[in-house]
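One chain, chain A, appears in both complexes that follow, with chain B as partner in the first and chain C in the second.
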Partner chain A sequence: MEKNNRVSNRQLQALIITTSIGVGILSLPSSVADIMGNTGWLAILLGGLAILPFIYIMNKLGEMYRGKIFYDYGKEVVGNIIFKIFSSIYLIYFLVLLAFIVRVFGEVIKAFLLDNTPLEVIIFTMLLATSYIGRSNIEAISRMALIILPIIIIITIVFILFSIPTLDFTNLLPVFQINIKDIPRGMSTVFFSYVGFEIILIALAYIEDSENALKCSFNGIFYTTIIYLVTFLITIGQLGIHELKKQIWPSLSIMSEVELPGFFIENIDGMLMAAWVLIVFATMGPAIYTGGVILSSLFDTKKHDFFVLPMIPIIMGLSLIPESLSQVYSTMGNIVKYLAVFSIVIAPTIIFIVALFKERKSL
Partner chain B sequence: MENNIPIQKKLDENMKTIKEIFIDCDDVVYREFKVGVKQNFSLAIIFIDGLIDQDMVSDFALRPLLEASRYLEPNPITIKDNLYNLIKDGNISASEIKEVETIDEALEAILVGETALLIDGYKKIIILSSRGWEKRSIEEPQTETLIRGPRDGFTENLKTNTVLIRRRIKDPSLKIKMIQVGKRTRTDVAVLYVDDIVNEDLLNEVKKRLEDIEVDSVLDSAILEELIEDNYISPFPQTENTERPDSVSASLLEGRIALIVDNTPFVLILPATLGTLMQSSEDYYTRWTIASIARIIRYIAGFVAVLAPGLYIAITAFHPGLLPTRLAFYLASTRINVPFPAVVEAFSMELTIEFLREAGTRLSGPIGTTIGIVGGLIIGQAAVEAGIVSPLMIIIVAVTTVASFTLPSYEFAAGLRFYRFVIMICASLLGLYGIMLGLIFMGTHLVKLNSYGIPFTTPFSGIGMATGDLKDIIVRLPIIRLKYRPDFTFPKDKKRNK
Partner chain C sequence: MKKYLMIVFIILITTLLTGCWDVVEINERIFVTAIGIDLNEDPNVEGEYLMTYVYPNIASIKENSSQKEAKFVKMTVVKSPFYGSRQLTTRLDKPLYFKHTKVIVIGEDLLKEPDKIKEIFDGLGRDPRINRKVKIIVAQGKAKDILNVKTEQELVIGGYLNSMLQNKKVSARFTEQNFSDLIKDLQISKVSTAPRAVPKKDEFKLSGAAILKDYKLIGWLGEMENSFLALSKGEVVSDIINTYYEDTIISYIISNNIANKNVYLDKDNINVDINIYTEGYLQEYKYEEDTNAFDEEFLQTVENRLENEIEENLGKIIDMFQNKYRSDALGIGEHISKFHPRVWKDIGGNWEEIFPTININVNADVKVRRTGLTK
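Then we have the complex of A and B:
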């Protein structure tokens, strides 16, 4: 039944949303507010817009080389050796990204759920759980995305509902009191919160209805932007700009303050944390899968699954290098940013331009 | 019996070969007799005692040959070479006969309950269709009882079972293809499908898998299920089974395929998905509001069956702060005398319930009930009074067990039960985070699972989500609203009603 082994447009959309939203959603409001003040929402909007050209490029590439994944047709476009260098950088990017995500994840879980459990245990078990889906195929990953998507929507709704009574939108005032120079910095921070959607470089090769793929990808980014905006508006409305800047994970601190007297569960933050595990999993699963796929393209193997488990100790080692949480966000975060710029902006653009030239020539 | 033994002209030689093969098979009956006015033509019949309809053989084969032909004065010249055809066309009044040209074919026919008629001087054997053995009458299914709905259930007899379907779908496009599986058991399997609905690829895939089976025996549909499903290691079933002809008919009309295996009342329906395993045929016989509520309750029960004991362990051992303060204090006060950690408490009670269930299935009838009462009431009560477990634990274990029995598919509930223990272990190690890891593990397994090429998590993960399959999954909308067949089988004819 060949028809099933495809990624449907709905699944593509869900993939983009679930992979983009991950650990970023916890720190985004405060890091944006840090740079842009209470006009941070502008940075989120602009950041979302800034992603679109690259989504477009990835989709066009997918259309030009239908049925092939980026890490394979890249070899045709720029030549085997150059692309192997590209692939290696992609691989490093995914390893560091995973290390970053899993470290932040471990710190959050340790802070909010399991204060006595060693960080290493949390990191290792999470990597182990993700490697299971990383060893499967893109169809299973996109099915998982579609199952996790409603959980994200429910969390967002719960988040809104419980915050409404205490929201104070005067915290947003005064508007547009910003330094123009801050905008690019704010945008780059936001840009970084979208990483993960590069899975479409693989997913587009398996798309069922390639005509509407671009529209669905745009929709995916659109919904992600909305969720980020809502999070930002609620955290700033709840905490105010000064308090917001002080927090590392403002969305979580809001939730831990919500109390539901009379309900079976009084503190909702534990439940939300649990659901958030799934969201992080939805970001990490595709990333570890992509790592395996890149390795299999580097070594020209047919299968990717046996590369996934050996990646775990490397990622774990990387994730334990930073000594403190601030180092994770500053040093490691910056490395991920530079690598992300390469893998989302530079590499696809180069390949796109070369591919366009090649197409011209052949005509 | 691999080599093909040809039939000899002499009756005696044929009889000798067959008797040699059937040596020590004392249930085989040989009857040699002579016919004709001068008693000069030797014939023999061979059958297996009890497997055939004795009356039929004597009324429609022996009597015409022995009595009717005695009084006729046939022309010796016409008889000379033509005895075989005369007997075949003129004497035997059984309605279904065929002829075979090797001994092996004859043996095969005898083994399925047909009667072989051997005639001296001819290299052919006539096979009379005479199957008829003791069989159970159609009764109400034991496992899937309904408040409202048809009361007939499948029996062990394949023919009876196909008739039950044919009586419900009077459509020439309902096809019933027979194949045999199992080298020794030679079990008949009927593949049922509605020709102009079923997807060709699915049908070919199923046929191919059935043909590829190379085993000795297929004694029940459960064995067949295991041989043809996608992932035999998974704790979850990828095939539905039922004793109800109405539910099979409904599935056939959705473009699914049914496999009826001889000698078992359990019919397989495939493909099966998470959505279809939660449907019960009663959903369609009660009003849609009630049916929808029942469905939603079943889904909740599914979650409870997997998560409840794990959550108890996680909350008492790791996160008591999640509960409202008063509840947390109450919980602590009930556990104050319990000497064990929550994990031991939960595992010992779950183990007790498993013992009870296992004992209950072995002992049916009044003893089973006694076991249930003794186990459920007395052990529970005594355990609480002795202070070994907290009363809340008893409640949770009981609710979990009851919840797991609300699921229509016993096999699926058993799969969830397996994951309940996985999640309990995860919860005892890592609390709420462990539960989520367990769920991720289970979820990944589910999204990887396929049922005959169709994703098991359908329609929650793609196919049919956009086209309205969900109208008949978590809720059951009125029949008139279910205009289209579900999409996950890729039916050729989409429209169900106007």
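Then we have the complex of A and C:
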């Protein structure tokens, strides 16, 4: 591959954080609270832990086939035809995921910022913008992640600072009043919020320092978990469990509750939204890039960039299928969940096991 | 040829680059600062709600302005509260803008119909344009009478009400309540309070509170009662309490207030201790030639009297809540559910019946730290 097309460890870490955090952070607190009540933080922690084995598998695979991306070495491992089926499912997954993200994005923007703009226009412009980064190579994408990461951190800090005066942490009490059966359900909801880190299936092939890649990937998930935890603790501290369950996007509702002394700063949800657009951009960019890469591996082309633009109308069409926002979260959300389970859990595990067997045989 | 096409293309593209073609300038917007919601009583007009919108006359804010009217008040009768702003567009040249609404005043009559209140609260919660921290005030009488009052210092009634509400540094005669907290209270303990506005001739006063239970108005709290209730929650920033010492009134200013609750069970009763701790200083006593207040024994007596004062008054209020209103405005249920979840499992279901039977003891601990400048 090209000489400078390399990803440093810090970039890998940033890439994992920015791709995981996206539209999920808006709805996660209320969907977790819905299942686990005020012990939702436990689900967020466990969900983060549950991701780690798959990060490990992906890293081990990356080590076995150094310098190759998942969608290429997969063919060697399970055979061309079977892997093409795998790749197609991956492709569908990324298309539906993008459609889901961009639809939620459009709905949020429409509700909070641009209530006169047609949804289609918001979605289309966002997709066009992301396709630009999607057409570039992995190095550009990881640089973008490193630039956007501070924005996420600053927002989280602002979020904490502004809400501290009105936080009531007794809302977290009583602790551990949960049904054990709820934990797996809560975890699966959380699991879905970490979706997006599959970008390392590609990024690991270009890693500069492959020895520390695993550590950096773990760190990435660790920081993501912390950001999710903070968001959950603040939303529940601010809203209380009953109101939290009722909100669709609790993180944004809180922003419009912020009140600083005097009339100077109020309604800062607009400011937050502007930064949040970048966060969503950082989630969608890598996803649309991956879509292009999968297509190029399916059709055995050298470049992926000309596949990106044709994907836009498909994603847009998919994103406009759900009739209402509640349908987006119920039906479309579930489809994404099942596909995510395949592409994060099932497919890498199968390929890992087969690869292990092959390695044994060749020894 | 190609060159010309390019030039034409560039010229065409400039038409796309003009931003903000549909911008709404700030003076083209009507910033509604206060909304009043009443029940419609005029049988001639169809509709259930009487909406009152107040917004400043921006032209009159300028110095030496010839415009006299500082604010406009528009009223309309509508079938649903959120229809009001649309209805008004038939009478106004600019759209109403709610992002800076500070206060919502709800009329007394409306609060007697919980279904309608639920409708309004749900609408307020859903609307992304309305700040969730908007202050809620209950009008004793009509909301429109409150909003029609001419105010002197602040030009706009919404801002006036808002700064009144933030005035808690002076007294706890009323406790400000915002939409978000009100909803939270009503969901957790089914009871909440909101400040009461009483219309007078040419003015109004904020005093006491309206007690809401299950989205319904069940009674009023007087201003002193409100300040004692605030004491029991540790919410007092500053207030004054009077007591007697040898036929002279002693005024004690509270400058710090902490309260906590302690719940314990004996055989068949739930006991709650409310511990109130206050710090403060003496404001006035009787002027005499000898030093009379700079004496430990004297201060001890005063502290005891003040403690009794608080315990007695709060006892009356608690009794009122337990027996008259049968509602837990002190947040005891919430406290038990958080800190004693096992107990709450047994009693949470019929808390409303259990609340009047529990024992509540008030322990006040008053400290007089300073006596002012004289001895």
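Keep this in mind: the second predicted complex is superposed on the first by the 352 of 363 C-alpha atoms of A that agree within 3 Å, B and C clash if a C-alpha of one lies under 4 Å from a C-alpha of the other, contacts with A are read in each partner's own complex, and residues count from 1 in each chain.
What we mean here is this: a residue touches a chain if its C-beta (ideal position, glycine included) is under 8 Å from a C-beta of that chain, and two chains touch if they have at least 3 such contacts.
Keep in mind the model is a prediction, meaning the values are calculated, not measured.
**Student:** Applying the touch criterion given at the start, work out whether A:11 contacts chain B, chain C, both or neither, answering first, second, both or neither.
**Tutor:** So A:11 only meets chain B here.
**Student:** If we overlay the two complexes on their shared chain A, which of chain B and chain C does A:25 touch? Say first, second, both or neither.
**Tutor:** Neither: A:25 stays clear of chain B and chain C.
**Student:** With both complexes overlaid on chain A, does A:77 touch chain B (first), chain C (second), both or neither?
**Tutor:** neither
**Student:** Who does A:240 touch here: chain B (first), chain C (second), both, or neither?
**Tutor:** Only chain C; A:240 stays clear of chain B.
**Student:** In the overlay, answer first, second, both or neither for which of chain B and chain C A:256 touches.
**Tutor:** Second partner only.
**Student:** Looking at A:111 after the superposition, I want to know if it touches chain B, chain C, both of them or none. Which is it: first, second, both, neither?
**Tutor:** In the superposed model, A:111 contacts chain C only, not chain B.
**Student:** Check the residue A:355 against both partner chains and state whether it touches chain B (first), chain C (second), both, or neither.
**Tutor:** A:355: touches no partner chain.
**Student:** Tell me which of chain B and chain C touches more residues of chain A.
**Tutor:** Touching more of chain A: B.
**Student:** Do chain B and chain C touch any of the same residues on chain A, and if so, which?
**Tutor:** Chain A residues touching both partners: 266-267.
**Student:** Using the touch definition up top, name the residues of chain C that touch chain A in the complex.
**Tutor:** Where chain C meets chain A, its residues are 22, 99-100, 125, 128, 131-133, 180, 183-184, 187-188, 337-339, 341, 344.
**Student:** Contact residues on chain A for chain C in the complex?
**Tutor:** Touch list, chain A to chain C: 111-112, 116, 170-171, 173-174, 177, 239-240, 242-243, 246, 253, 256-257, 259, 266-267.
**Student:** Which stretch or stretches of chain B touch chain A in the complex?
**Tutor:** Going through chain B, the ones touching chain A are 199, 201-202, 205, 318-319, 321-325, 327, 430-437, 439-441, 443-445, 447-448, 450, 452-455, 457, 460-463, 465-466, 490.
**Student:** Which residues of chain A touch chain B in their complex?
**Tutor:** Those residues of chain A that touch chain B are 1-4, 8, 10-11, 109, 113-114, 117, 121-122, 125-126, 129-130, 132-133, 136, 139-144, 146-147, 261-267, 270-271, 273-274, 277-278, 281, 285.
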